[in-house]
Amino acid sequence: MNTLYVSSPTKTLKKYDGSQLRPLFSYEHFGLKGNAMLSWVAPTDVTLTHMVDYEDKIEESKICGDKMLHFMIEFFPANLSTGVMAQRLLASIIKDLAQAKAPKAVLSRKGDDIYVGQGKLSISIASVSAVSTLIHFAVNITNKGTPVKTASLEDLKIKPDAFAKEVLKAFSSEFEDVMWATQKVKPL
Amino acid sequence: MNTLYVSSPTKTLKKYDGSQLRPLFSYEHFGLKGNAMLSWVAPTDVTLTHMVDYEDKIEESKICGDKMLHFMIEFFPANLSTGVMAQRLLASIIKDLAQAKAPKAVLSRKGDDIYVGQGKLSISIASVSAVSTLIHFAVNITNKGTPVKTASLEDLKIKPDAFAKEVLKAFSSEFEDVMWATQKVKPL
Amino acid sequence: MNTLYVSSPTKTLKKYDGSQLRPLFSYEHFGLKGNAMLSWVAPTDVTLTHMVDYEDKIEESKICGDKMLHFMIEFFPANLSTGVMAQRLLASIIKDLAQAKAPKAVLSRKGDDIYVGQGKLSISIASVSAVSTLIHFAVNITNKGTPVKTASLEDLKIKPDAFAKEVLKAFSSEFEDVMWATQKVKPL
Amino acid sequence: MNTLYVSSPTKTLKKYDGSQLRPLFSYEHFGLKGNAMLSWVAPTDVTLTHMVDYEDKIEESKICGDKMLHFMIEFFPANLSTGVMAQRLLASIIKDLAQAKAPKAVLSRKGDDIYVGQGKLSISIASVSAVSTLIHFAVNITNKGTPVKTASLEDLKIKPDAFAKEVLKAFSSEFEDVMWATQKVKPL
Amino acid sequence: MNTLYVSSPTKTLKKYDGSQLRPLFSYEHFGLKGNAMLSWVAPTDVTLTHMVDYEDKIEESKICGDKMLHFMIEFFPANLSTGVMAQRLLASIIKDLAQAKAPKAVLSRKGDDIYVGQGKLSISIASVSAVSTLIHFAVNITNKGTPVKTASLEDLKIKPDAFAKEVLKAFSSEFEDVMWATQKVKPL
Amino acid sequence: MNTLYVSSPTKTLKKYDGSQLRPLFSYEHFGLKGNAMLSWVAPTDVTLTHMVDYEDKIEESKICGDKMLHFMIEFFPANLSTGVMAQRLLASIIKDLAQAKAPKAVLSRKGDDIYVGQGKLSISIASVSAVSTLIHFAVNITNKGTPVKTASLEDLKIKPDAFAKEVLKAFSSEFEDVMWATQKVKPL
């Protein structure tokens, strides 16, 4: 899994509005080939058109925040149940890495969300196109501009840049290891 | 996902030798229908015939322990990448639950293994038949009879029975929630 | 499979024009989660844009009727051959239920169509998105506004409301039973 | 779908014991290529080893009868939900054809079973190998040697040979038509 | 696999701009049912909107030529790895057929491209929709209007019409034979 | 795709009897991880038990030869149509490489077979397990011990060792390139 942390977000990354979650985005704009994971810092404001989760749509949830650390994963081929499992594994990895950096905070994972106490640290979605599986996961850097009670990396005194790189490394290793685990067992 | 903790292991569960990891075992022997998760306490001694992981086979690993807490999951249909992702999510859930009960211990998940410091707490495998996906996950209750440096629930002062029930509840809820998450998103 | 008969069609159901046959429609508008089956009464006039069946498109078929009883099914994941088989099973179920209520009429199923004598009682289509399988099935309540020789529930003296509920119950039970039948057999 | 009615059962068909329900049987023994449907008359006595349905196994059901009309279908590739849907569609087709020949009898389909009044007319199972989907469906010709209250073609005054050929024709046409229906629709 | 060589290209085929590579095109416009392969002669100028290959998009490749022999294949269901393998097999078949007609030329296949010496003879792409697999393959008839150093059927003294028909016959036979080869082996 | 030419065949490779064509063989015996391709020289005598192709079984074909160059490929996951397409692409690659070394010989590929004039140069089969796709392809080194009119590498003056390495390199590159081609296109 190829990874990239974009430290100076280009025009197309300036604001995460959901349009970026589409097949081949990381390849088209950053040359990341095949299974890929991209990360960058940007405000979030997902428009209704790009709202993938109908639960959010029905509840008219706002999906926004002034500054978030984004992760976007694409892997091949389309496999939504694998995608959702991977999304939650990513939530677990991020939670564990953040917990290690902020040992006094009380972090927990609930489904695809991470909480610090009662504050929601993250947003996430997974879906598929006809060719690939896509995951978006974003962590609040600040609590400004968020629509509900949130927590943020600022609260935890975690610097986004270094943290992003750790997450990219940890998840991409995990992903490769999972792929390998599907290629070494006999059928039952 | 239907779950069952078998407090008084029947003959077929007396020793985990790998033969139990087969399609429909939980239904045939315990009437658990559909997606199912079974748990019980038994010694482990996986014979070469039932060794599913060729990595173990090549390295001539011994897979044994005098007393382990077993979890066996079957879900439909066959999907090995989902199975391996689910296996690691289960490892993460068990690690978090054990950590909460033993806050001073240093627990970590590495792939499908849980460690307490340097001691290996668990063994696990995931594979598929033509009809279903199967996962076995077992946690040492004691360090006796294990082939490498291990850790155990005894070290962590965790009682297997209550712990098993918590794990069954947490993973089965997670699984249902994952299934639901595959049924509420629009394609990309 | 969650079911709902919408006795007072909302704006989005006022006319079936084919736009309703899209992923997550029943969830978005009626909160039906997961595998779902919706039913309501409305006129039909499928526009060319929403014509899913190219056979109809090529033959420039009109798909219309002044008053029809609609059934719309969505199940997960995408599986078109299962979808078409399910569509015909639904046709068979509706035919049998109608036959029981109108024992003197001569009903027959031909593929995904139901006939009363030479009159066509129904229209239907099945297709997939990247996330789900969708089926539309509609039965004439009146013969008015139909483009070919048709038959209708009025001819059979069948009341749409009660009949709709019977069909919802029969098909959803059948569907659950089919799913169960995929989870209780050993591979060959 | 290639079809064959074997009027003089060969040695391998003399008794249906479940061993015939395996990949490529119809091709190996009768040269039926690709998607295939075979029919013949023979007694049934399914041994425990060849019992595919764990529900039968758990309930220690006997699957037997002195003289039954057998249908065995194989299609490619493996797709169990399509297989079970197809199995029920076959039950529906057989029920309708038998009803037409015995208009005074009260036939009904319940899942994959056909009943005449309270008497069970048929047995059936569907499963998959790694390469194909397999269905067995058999109809009692006589009530002799059956383990429960049954009905039979004799009761209905239906001659097995001609009936078998009608069923072969009807189901194989239906199957081809279903395949075609998966190849003429646009995605949603 | 149904095949058609359109000797007098209709309006929709007058120029290949990429819009033709969509599900059911051959059925909608030429009545080719099911797995289908269409061929015709037309200039090529693929617009950015219809550029399927992101590698081309990134490199801002021009995909054009004044006169090309087009082949468009659709088969069911969606299976992209089979599609890409089939695309290369097609390249191999065309290369071998052209080589036989021009024994002194040095033809070679590199991936999905055919070369005559250093000149590129062909362009090609394969992708999927939610219902089918699609391949476009085109061979230069002339070197006029091409964006790179090319070779053409004119160079090889090969007449497009007869050649097209040979290719249609060879690939469609190969495809049927491949399908048959998936229906005659036992699982491993 | 990991590749290995075993110049001194170990015990398990001494004779190809078909038992080697099983999941994970290359990993278990030679440590080749993941998608893998193995090659070696050995006599062939496939026993009836290990005959995968029912066409051979029905025709009671003998599959044997005193000295053959073997190629065995395994890739993940199971996908039989991709496997058969890959098998034929391999035949095409081997044919082209041999043709380049023996320019005066008349080589041709027919399906999964290579011919030199009327002499059959090769044997091959492709199938799947529940976890992977497997291909065996072997080329006669000598015509001794073969059951039909054959051709051999000896006839073509091709040395097996160097040739094997060329084939391993060419096919593994092609395979990687095919995988990449499934990860760079937008859906249609």
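The chains carry the letters A, B, C, D, E and F, assigned in the order they are written, with residues numbered from 1 in each.
One rule holds in what follows: a contact is a pair of C-beta atoms (placed from the backbone, for glycine too) under 8 Å apart; a residue touches a chain by one contact, two chains touch by 3 or more.
Given the structure is predicted, the values throughout are model-derived calculations rather than measurements.
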Chain whose average C-alpha position is farthest from subunit B's own: E
Chain whose mean Cα position lies farthest from subunit C: F
Same or different contact residues where subunit F meets its copy subunit B, judged by the half mark: different
Gap in Å, rounded to a whole number, between the CA centres of subunit E and subunit D: 43
Between subunit C and subunit E, centroid-to-centroid distance (C-alpha), Å: 39
Junction residues of subunit B, two or more chains touched: 23-24, 27, 54, 77, 80-81, 127-131, 179, 182, 184-188
Touch relationships between chains, expressed as pairs: A-B, A-C, A-E, A-F, B-C, B-D, B-F, C-D, C-E, D-E, D-F, E-F
Residues of subunit E touching subunit C in the complex: 24, 27-28, 31, 77, 130-131
Interfacial residue positions of subunit B with respect to subunit F in the complex: 54, 57-58, 78, 80-81, 127-130
Subunit E partner contacts - residues on subunit D that touch it in the complex: 23-24, 27, 33-35, 76-77, 129-132, 179-180, 182-188
Residues on subunit A engaged by subunit B in the complex (per definition of touch): 21-23, 52-55, 79-82, 84-89, 92, 96, 108-109, 111-112, 125-130, 134, 174, 177-179, 181-182, 184-188
